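Labels run A, B, C and D following the written order; every chain starts at residue 1.
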Amino acid sequence: MIEEPAAKTRTLEQFDAELAASGLKGFWRIDTRTSEPRTAVQPYVWRWPTLRRHLEQARELIHVDRSAERRALQLINSGLSPRSATTHSFVTAVQLIKPGDVAPTHRHTPTAIRFIVEGHGAYTTVEGEQLIMDEGDLILTPNWTWHDHGNESDGEVIWLDGLDVPLVLALDAYFFEPYHQERQPVVYPPNDSTRRYGAQLRPFGHRQTPVFSPQRAYRWRDTYATLAHLAALGEADRYDDVAVEYLNPSTGGHALPTLGCVMQLLRPGSRTRAHRHTSSAVYQVFRGQGYSVLSGQRLSWARGDVFALPPWAWHEHANASSSEEAILFSINDVPAMEALALYRDQEYPEHDGHQPEDAMG
Amino acid sequence: MIEEPAAKTRTLEQFDAELAASGLKGFWRIDTRTSEPRTAVQPYVWRWPTLRRHLEQARELIHVDRSAERRALQLINSGLSPRSATTHSFVTAVQLIKPGDVAPTHRHTPTAIRFIVEGHGAYTTVEGEQLIMDEGDLILTPNWTWHDHGNESDGEVIWLDGLDVPLVLALDAYFFEPYHQERQPVVYPPNDSTRRYGAQLRPFGHRQTPVFSPQRAYRWRDTYATLAHLAALGEADRYDDVAVEYLNPSTGGHALPTLGCVMQLLRPGSRTRAHRHTSSAVYQVFRGQGYSVLSGQRLSWARGDVFALPPWAWHEHANASSSEEAILFSINDVPAMEALALYRDQEYPEHDGHQPEDAMG
Amino acid sequence: MIEEPAAKTRTLEQFDAELAASGLKGFWRIDTRTSEPRTAVQPYVWRWPTLRRHLEQARELIHVDRSAERRALQLINSGLSPRSATTHSFVTAVQLIKPGDVAPTHRHTPTAIRFIVEGHGAYTTVEGEQLIMDEGDLILTPNWTWHDHGNESDGEVIWLDGLDVPLVLALDAYFFEPYHQERQPVVYPPNDSTRRYGAQLRPFGHRQTPVFSPQRAYRWRDTYATLAHLAALGEADRYDDVAVEYLNPSTGGHALPTLGCVMQLLRPGSRTRAHRHTSSAVYQVFRGQGYSVLSGQRLSWARGDVFALPPWAWHEHANASSSEEAILFSINDVPAMEALALYRDQEYPEHDGHQPEDAMG
Amino acid sequence: MIEEPAAKTRTLEQFDAELAASGLKGFWRIDTRTSEPRTAVQPYVWRWPTLRRHLEQARELIHVDRSAERRALQLINSGLSPRSATTHSFVTAVQLIKPGDVAPTHRHTPTAIRFIVEGHGAYTTVEGEQLIMDEGDLILTPNWTWHDHGNESDGEVIWLDGLDVPLVLALDAYFFEPYHQERQPVVYPPNDSTRRYGAQLRPFGHRQTPVFSPQRAYRWRDTYATLAHLAALGEADRYDDVAVEYLNPSTGGHALPTLGCVMQLLRPGSRTRAHRHTSSAVYQVFRGQGYSVLSGQRLSWARGDVFALPPWAWHEHANASSSEEAILFSINDVPAMEALALYRDQEYPEHDGHQPEDAMG
């Protein structure tokens, strides 16, 4: 089939044309060489000073109201252009909310998470529950829940958004609806769901197993206490050092069915081994400084920086300090990949698990 | 078959005898009238002053060591004699541990729980994790885990034990093994599992779903905060007022596969409606005073009292105070009954859900 | 505590008496030696010629109607007297139904299975579905389902019943109700559930996951085809040779939550290795002849014989023929033991997995 | 923000440019009107005479070997160009295999199904199991299983392929590997898995719960018997008449985690009500003739025709014959949509559930 006489080639070309006219395409001239995932996602780092400076500009230029519902900067992975996405399956943004802001209420089928980078006292209201934000907290906004943001405190708050919009769009399942008022009524006391579900208890006799965590906020104080406990015990993973995932207390599974959230403590001086997996991730540096080697490129990072890990890209992390902890928050698409039986991973097989590298950051 | 001629009766009697000689028994003269569960379990209340006085006597008489591994008083339901059991499926006891005591290490297939009634500072060590006790805490000792108790503080601690020994014996599955030393080594820091699992987090990428909760202790402070939150919201159950069950954070299911544990707040002045279920329960009054109506008998109760609820017995509860909360801790066999598809319940259908009653307590 | 001075002994005796008067019992003089399950269940074999002869007598003596609802002979394990039980958790019986019999309709919380030993053409109706019996079939009667038996054919049918009555009684959960008529209406075509669920299909969009299998009958033809297929491939288990369990097609789990059913083909000349488990079992020889070694006793068996395996008893099986298959049907309590986390097993560690034995059968 | 003075507009344009240079994009000028999924998938019908004629041409032109591994015609949805896809999440093709063909062995992360449209006697070998094809059968090729096709019979076979390639590509998870030989060794007897799992049995004591069905073939004879049984009972769904889904016998869940397969019998004269759902589907007419109304367009269909249903498109079906059954096989992405919590559906609310329509087919 590969080296055909000219007559046959002509015949096949004619056949191809006939097929195309019938909405068909021959499936025989196919690439049958061994192949691994190719991705348009680029490894990339967004620097905090830049992000912060642009947020400050946006604070002056953008008035949040019905005509501009959010004051957020999406982190655009250039490889995915013209899609607005940070990896192929989700988009992240940094968002600033200042005293007095009211970001109007809406709901959509994409699921969102918020990770609070700086400040405290602003809120997100999700389905009638007002969740007060504090640095290091994680807040969930499941698929199709009404939500709005506001700030009745006297300080600014900056957070990282993560939304599975690219995944939802790829599946043609994007629904959006504005609320008929700017703010939804608050029907529960502040932080209700954490107080309800945070202690491994459940109303007796009323088991429910929602796929979205009914607990909507996870507090930094608790998260850090757990990380510090595990770090003190030396319970480290070879690829992620000390890392924990946020869970759905009703099932013990992932907090959300599409997005996973991880908080990771790299102990002073630690350096992990490289591996890769079919899931992608976006990391935000919450504490400390260090570097990661992504696809052989070293990206150094410091407090506030955000970087994108493409799927099936080798990666390893290092804390550059021998005395201070480094802490990375990250979002990934592990739950989706597992649910579809597409999650695979592999350890870097050479050089004691470390990639040869070219400096980049 | 019921009124047979004498000849036939003689024939049948002879046949019965022949069958018996062959290890057989005719199955035809059977009671086919509608019937509901009959139980030997009696509703009963053990008064705290009595329990406490006997514990004090035991404190003087019993020296805890290899020859007397525990200083505990089993609560014996007279209807179950000669079995040592509080209900047909589990046994409860009150146990006192004084400064310096070491209750030796062993393990067994019965699963145990401890609910701390008074005092603080003693410990249970379970599989290398030392769990420090405080009033109102719940501690789990799953099936076949090494455990010992001790008290290095300067005060006494009293707790309620619950063990599914009768169930395990009924299933011919009782294994027991002493440890080769009095105390097992402590290999984790104090309260490790609560610090590890108490914040809805899990080591990233390492999902396990054990049927026994990996969290071994549930703190009163957290339990009460949740109850108070739900009570403030008025989220009450018609039969149990404000009641929460302890969960396994790895699965969102019952903390243990055979025994269930519940903490229940009866709001000031509250009175619940009657129902019954195939599960049995033992309650300990942790705060306040009130009464319960069990099978039409009123049992008044106060702090520390323990009472037994037979299976399929109507019951309802009331807080006698119009200003103070009443709080009941209870153990039940709901997880076992559900697992075997034998759980059934029914609301009391008359008199607005309240039983006519005879005073008893 | 063990060798006490007389004064102390008197004091303790007095204390014991005081405790008993208060519904209490000291828990300190306890046996803390290593122990394994003790059971009252005896290994025992009921011979088919005896069973059959007694069934024939019963056929003449017992007229099945509202006064004698069933014509069944329970297999009584003498060790469990005065309980009517074959093992500690379930009872088995052989039952004969002759042309024209109508065994009236009732329901109860014990779950039943029927294994058809001889004949064909009788029926059991379960919740409106008439299940026609044929030799080697298994029929399920889940907890609380209306059921009656009858025979509109012209031949006798004999089956083996298994019911978890002892377990349900131990849990105080026995409910019984007669139907208001002798026969319930038949609302589905014969063998409806097998035709509905037997092909790994389900009505699109209507998933349900009942804990009791919605398929009520499993046909010998299918069971044998599967066994023969696996036997031809040599896919044998070291303890059971070629053995399959009946499943719930809605969940892939056990067909029933309390009782397990197994069909087992011992290939010509095969001899399995010994093991033991906390589950008990009752076997009926469906084809062939051979022997089993139970707790060191050899029990030879032939077509129709029934034998009981106590929990935690060593056992191994052998087909005595070098040319014919031997086939054993068995009932066990594995699902209950697993659900309660009490299932344990162990391989016989010596003599290449074979027990030294005393002849018995 | 909407009507800005020119100066502000210029400022914002400049800001946008600065953001773009930093890999950022302002998220404020967003469409916040209510919206529902938009899809590029077009409703379309491929006619069987056309498909068959082109397959016959391909039979003459294409020699199946290492240079042309398959003789298949992909059904291209023009709305998705330049992607080769039938809906946004999967691709279908018709494939012809003639006597003597050997389609070489490979594996890939896309999951495939084959539905046999015509003929019998060809085979697919999946992981060492040779599955013999017969008209109406469904054969599964899970993610990453070695598979090859061949035909040692003397007749041609035509089947419909379905693969989740677009989904796997959207998730950047495409792996492909050729086998080192043309054919993989056959290590099981023909149709092993159906014989092993087809009777609701499992090797005793060896539970496994793979997310891909271990049964690899579902036979038309069994499928039709189930449909006919349900049809005779009138157990019809309002949207699909009598429809069954293929299951994974190990779990009772979908046979595959990404693709669902359904066989649907439209009884003579039946006409279903319209609904829509976020899942897409491709139907092949296996028996009979009728029409479907998709997004208000009537598509008539007959034996062998294939048609595509876009996500969130209203649709209803009718059997045009008052005496003959019509039978539709279909593939959908329901399992993926459910796993990601993106499945939603809606009944057509007007005109008794029927769309006003324009004739198309």
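The definition used in the following text is that contacts are C-beta pairs under 8 Å (C-beta built on N, C-alpha and C of every residue); 3 or more make two chains touch, one makes a residue touch a chain.
Here the structure is a predicted model, which means the values were calculated and not measured.
> Using C-alpha centres only, name the chain that sits farthest from chain C.
Between chain C and every other chain, the largest centroid distance is to A.
> Quick one: report the Å distance separating chain B from chain D, using the average Cα coordinate of each chain.
For chain B versus chain D, the centre distance works out to 53 Å.
> Averaged over CA atoms, how far is the centre of chain A from the centre of chain D? Could you give it in whole Å?
About 30 Å separates the centre of chain A from that of chain D.
> Distance between chain C and chain D based on Cα centroids, please, to the nearest Å.
44
> Return the residues of chain C touching two or more other chains; collapse runs of consecutive numbers into ranges.
Residues of chain C never touch two or more of the other chains.
> Got a list of which chains touch which?
Pairs of chains that touch one another: A-B, A-D, B-C, C-D.
> Considering only the defined contacts, which chain A positions touch chain D in the complex?
1-2, 8, 11-12, 15, 18-20, 22-39, 41, 44, 46, 50-51, 54, 57-58, 61-78, 84, 88-89, 93, 104, 106, 109, 111, 143, 167-168, 170-178, 211-212, 257-258, 278, 280, 310-312, 333, 336-337, 339-342, 344
> In their shared complex, at which residues does chain C touch chain D?
188-189, 192, 195-207, 209, 213, 215, 218-219, 222-223, 225-226, 229-230, 232-233, 235, 237, 240, 243-253, 255, 262-264
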